[in-house]
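Starting off with a structure, shown below.
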Amino acid sequence: MRNGVMRPGHVQIRVLDMEEALEHYRDLMGLIEVERDNQGRVYLKAWTEVDKFSVVLREADKPGMDHMAFKVLNNEVLEQLEAELVAYGCEVEQIPEGELSGCGRRVRFVAPTGHNFDLFAEKEQTGKWGISSVNPEAWPRGLKGMKASRFDHCLLYGPNIEETYVLFRDVLGFELAEQVVDPEGGRVAVFLTVGMKAHDVAFIDCPEPNKFHHASFFLETWEAVLRAADLISMTNTSIDIGPTRHGLTHGQTIYFFDPSGNRNEVFCGGDYHYPDHEPITWKAEDLGKAIFYHDRVLNERFLSVLT
Amino acid sequence: MRNGVMRPGHVQIRVLDMEEALEHYRDLMGLIEVERDNQGRVYLKAWTEVDKFSVVLREADKPGMDHMAFKVLNNEVLEQLEAELVAYGCEVEQIPEGELSGCGRRVRFVAPTGHNFDLFAEKEQTGKWGISSVNPEAWPRGLKGMKASRFDHCLLYGPNIEETYVLFRDVLGFELAEQVVDPEGGRVAVFLTVGMKAHDVAFIDCPEPNKFHHASFFLETWEAVLRAADLISMTNTSIDIGPTRHGLTHGQTIYFFDPSGNRNEVFCGGDYHYPDHEPITWKAEDLGKAIFYHDRVLNERFLSVLT
Amino acid sequence: MRNGVMRPGHVQIRVLDMEEALEHYRDLMGLIEVERDNQGRVYLKAWTEVDKFSVVLREADKPGMDHMAFKVLNNEVLEQLEAELVAYGCEVEQIPEGELSGCGRRVRFVAPTGHNFDLFAEKEQTGKWGISSVNPEAWPRGLKGMKASRFDHCLLYGPNIEETYVLFRDVLGFELAEQVVDPEGGRVAVFLTVGMKAHDVAFIDCPEPNKFHHASFFLETWEAVLRAADLISMTNTSIDIGPTRHGLTHGQTIYFFDPSGNRNEVFCGGDYHYPDHEPITWKAEDLGKAIFYHDRVLNERFLSVLT
Amino acid sequence: MRNGVMRPGHVQIRVLDMEEALEHYRDLMGLIEVERDNQGRVYLKAWTEVDKFSVVLREADKPGMDHMAFKVLNNEVLEQLEAELVAYGCEVEQIPEGELSGCGRRVRFVAPTGHNFDLFAEKEQTGKWGISSVNPEAWPRGLKGMKASRFDHCLLYGPNIEETYVLFRDVLGFELAEQVVDPEGGRVAVFLTVGMKAHDVAFIDCPEPNKFHHASFFLETWEAVLRAADLISMTNTSIDIGPTRHGLTHGQTIYFFDPSGNRNEVFCGGDYHYPDHEPITWKAEDLGKAIFYHDRVLNERFLSVLT
């Protein structure tokens, strides 16, 4: 958190049919529906999160990610980062307070990969769901489905990932936790963090800009990953791969698709990062093992199915 | 255990290179090497087993299963079953005491699927490995690799599975725990048990006789399955599929191959069976989900890669 | 299952207040309420059980166990065992079909420890709860609380445990899986099984007859034991000890009390047994470790709090 | 990490007999011995740590903690913090580079609780043990015993915890993740963090200064906690309590003692923290549940057995 960026705050995802999407994100994944706004967008949160929401679903004609937002420490930091983005040469867009219900003003920039990123300092804090802040129980009763515990990160595809990495590092204070490097030494994937997590956002090189690979949610245990896989099968949800382990970050994972074709991940575990850790390097020629540690080959969907 | 057959006693597997096979079965899977006989066969056991051995490896030109053996209650039962096999029309072969070191005489018959099955009543009892029978600790220190805890069952491919099922049921007292039934009502797979386990042996219909699909070993937990998968990757062992869950029996599993191409399974969990349980039925048209519960499709290897 | 006794069929437990008891057994432990009879008794089952019920609660002035019942293979076995009990010198009592709704006639005898045991051959089969017998899913959605998966065994205290063991062994075909032996070689505890489980019923020596130590229910995993412990705390349920492991059987366990003071256990794991396994012996002087493997001392409640 | 303090770097513990201590910390807990210095001190590390060591054992006449050290971002930060400590009124002591082998110069201050704390910016980086930084496997083979994965935190007892909290907050940038508050609103325990962990150091109010409650090490899973408990029993190691869950932080834990009487913890799980999280509050009158979530009562050792 060198420059005051704290964590992923939320992701806004486009879905083709809101009711089907809610069966998926709320009833299957276990996110909690907290509000619908006058544009018809639905806000959800995971139970361990103290802020009001971390996922916004917007009905649209095509799936994908509208934007990913990071929460910063306070308004001074937000102003500072805005100035630095501008100084760095980014165009920034102002999103007024209240555009998302309960969220303060956001500063938006477009990364060189083509994705929209927002920074914000304030969001209504409603506390962990179903748990008191005094003598809190270990977990709330009444969670549904996979009981996802937090929105963790996004993996995004686009061009110019080196420039994007430098921008995130130099302006926003992200650190390079892991990378995939081709034989010529060029980075083809970067896993970036502002905290102790193995990644808060990751980018994979791809000629087409602004593509969405997946939004990822944290589960407590490998057994929870198994039960998530069982639920995927019971609900006839489209699975991509898993349960398995990633080589990158060593997290234990499943990929699957929402009814609109957006990929989701639930995972547990994963390495931790500190600022003095050298980046972990995976060789591009071993990308199969880097992504799917057990199978050691990519399924063709991993590189081609994007929204 | 209606007719005195207790459990799978051992399996004799052909391997192309003994030292490579031992790196696999002993160092990777964690079976304990107990003896080499004057034919060069190597005997291994899993740590929870009280008998001297449960796996015999024999170096040969082609992989596959020589025979699978069941332990019966005592010599009276062995004689009774021998007489009933003959009365049923089976040719039986006598394998003398000591042909396998520490094992009493075996009565061999060939099932209609073409596989050799042996019955025996006596095997040297060496007790659980590394654990006293007085005040026993929870588990022994010094286990290797996957720490397989017992030889559990075999899955075999061949013709005439209905006749084989009837023979195992009527003569040996096996029960049908689970079955796969085609749209005309014919059984294409039978999972047979003599105890509370979901299967002690299973057969899948296949025109070619005497084919070996896999020998399976029990692990304690889903976390042990994950670590087994990790070890498969670390040792560059050929993986087939997993970690995943089966629909049939609901066990949690990985399939992989020994260096000779024989398939192995390690798994945990799985349903229990009692004699008054109706067989569980899976529809042949849903065979994908029956075998691989999460992916819900068979990989092509499942039906074609046999030894 | 040498003599045709299959498994524990049910236990009838006395409770002081039925509604409080149901909050405990149904809402906390996750048993499914299946019927109330015209005596006001409430029938419950665990989800993996195929029979209609496995627990009967009866409101009474003092807590404890009315009887424990075993299911036998069929009516011929029931008649045979009845005759053998009589020949052995036991008085047997006839409990007519329908005394418990859906249960066939029961043959009751009083063990030398003073406990009532019933044998029965028939009980209405309603199948696993929430799961089809064709293409069954891995587990049903909608389970409550601890999601107990089966009634597993009872531990009972009383005098004459040697005579009781001999009766259970010689007439009913139970095997001695584990025992606690005093320095003179006398058995002070016996763990008896008719299947592969480490125990279907267990007895500990105690001068007072017909005392109930606990009824035990199976959970799938050590993580389920943790969540059970969490629920015990969240619901202010009286805990006895755990999570921990037993030395005897090596199961992983918690003991706690129902609102009437009857002790319950939920546990997972545990050793398996076959008829050719020598009994496991624990020394009475190491009873602390035998019962509570981690603490290696008994809490005073273990020997004194009985119903 | 508001002020540049990254994490707990190491703890130096006094032990009565070095060889016994090594059997405990190295063979039982699974720390890796990395060096012995000319004072006879032994250096150990946990396998996921990139720095050379995280535990130093020193043979002495009485057990306890010599000092706990935090690693800061770099030498500029170290100088800045040193100046701020002095400005705050702390006496600081210089510990020269090399006093601990491989560790840069340390700045020592005594907290109002009486404990020695060191800050340092540089320590030899030897990388994760047994794992490459290129294409790293999921975990190293050859770990011993509990396979502790990192030194996590210390819990210390002493007076003036409010002053200590303010010093750690205002000068070192720690945040208050959790607290125990008495009925008058006074803090009797503070759990402080500089990252996402629930605590990097914690203090409990106690009249006697400079007392050591425990040093804690992280395990990956609840199953690892079970196996740690098993090993404690197998090695006749003195156990304090567990396996259980804490209310505070919700980690899953065991407490036990080294041969010198110093308490250790191994644990998994636990809540995460961000700077905008309000502190979690436990009421002092519910301290039993706050510490031991399942039993809901303190054992007397928790408040009285200190070194």
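A, B, C and D are the chain letters, set down in written order, and residue numbers restart from 1 in every chain.
As a working rule, a residue touches a chain if its C-beta (ideal position, glycine included) is under 8 Å from a C-beta of that chain, and two chains touch if they have at least 3 such contacts.
Please read these numbers as outputs of a predicted model, since none were measured by experiment.
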item	value
Identity of the chain that, by mean CA position, is farthest from chain A	C
Where chain B and chain C are represented by their mean Cα positions, the distance between them in whole Å	31
Rounded Å distance between chain C and chain D, as computed from the means of their C-alpha atoms	44
Distance from the mean Cα position of chain D to that of chain B, given in whole angstrom	48
Sequence positions of chain B contacting 2 or more other chains	138, 221-223, 230, 233, 245, 289, 293
Pairwise touch network: line, ring, star, complete, or other	complete
Interfacial residue positions of chain B with respect to chain C in the complex	1-2, 6-7, 48, 50, 71, 73, 125, 127, 133-136, 138, 195-197, 220-222, 245, 247, 250, 269, 271-272, 274-278, 280-283, 286, 289-290, 293
Contact set on chain A toward chain B in their complex	222-223, 226, 229-230, 232-233, 239, 242-245, 252, 254, 289, 293-296
Residues of chain B touching chain D in the complex	137-139, 141, 221, 223, 230, 233-234
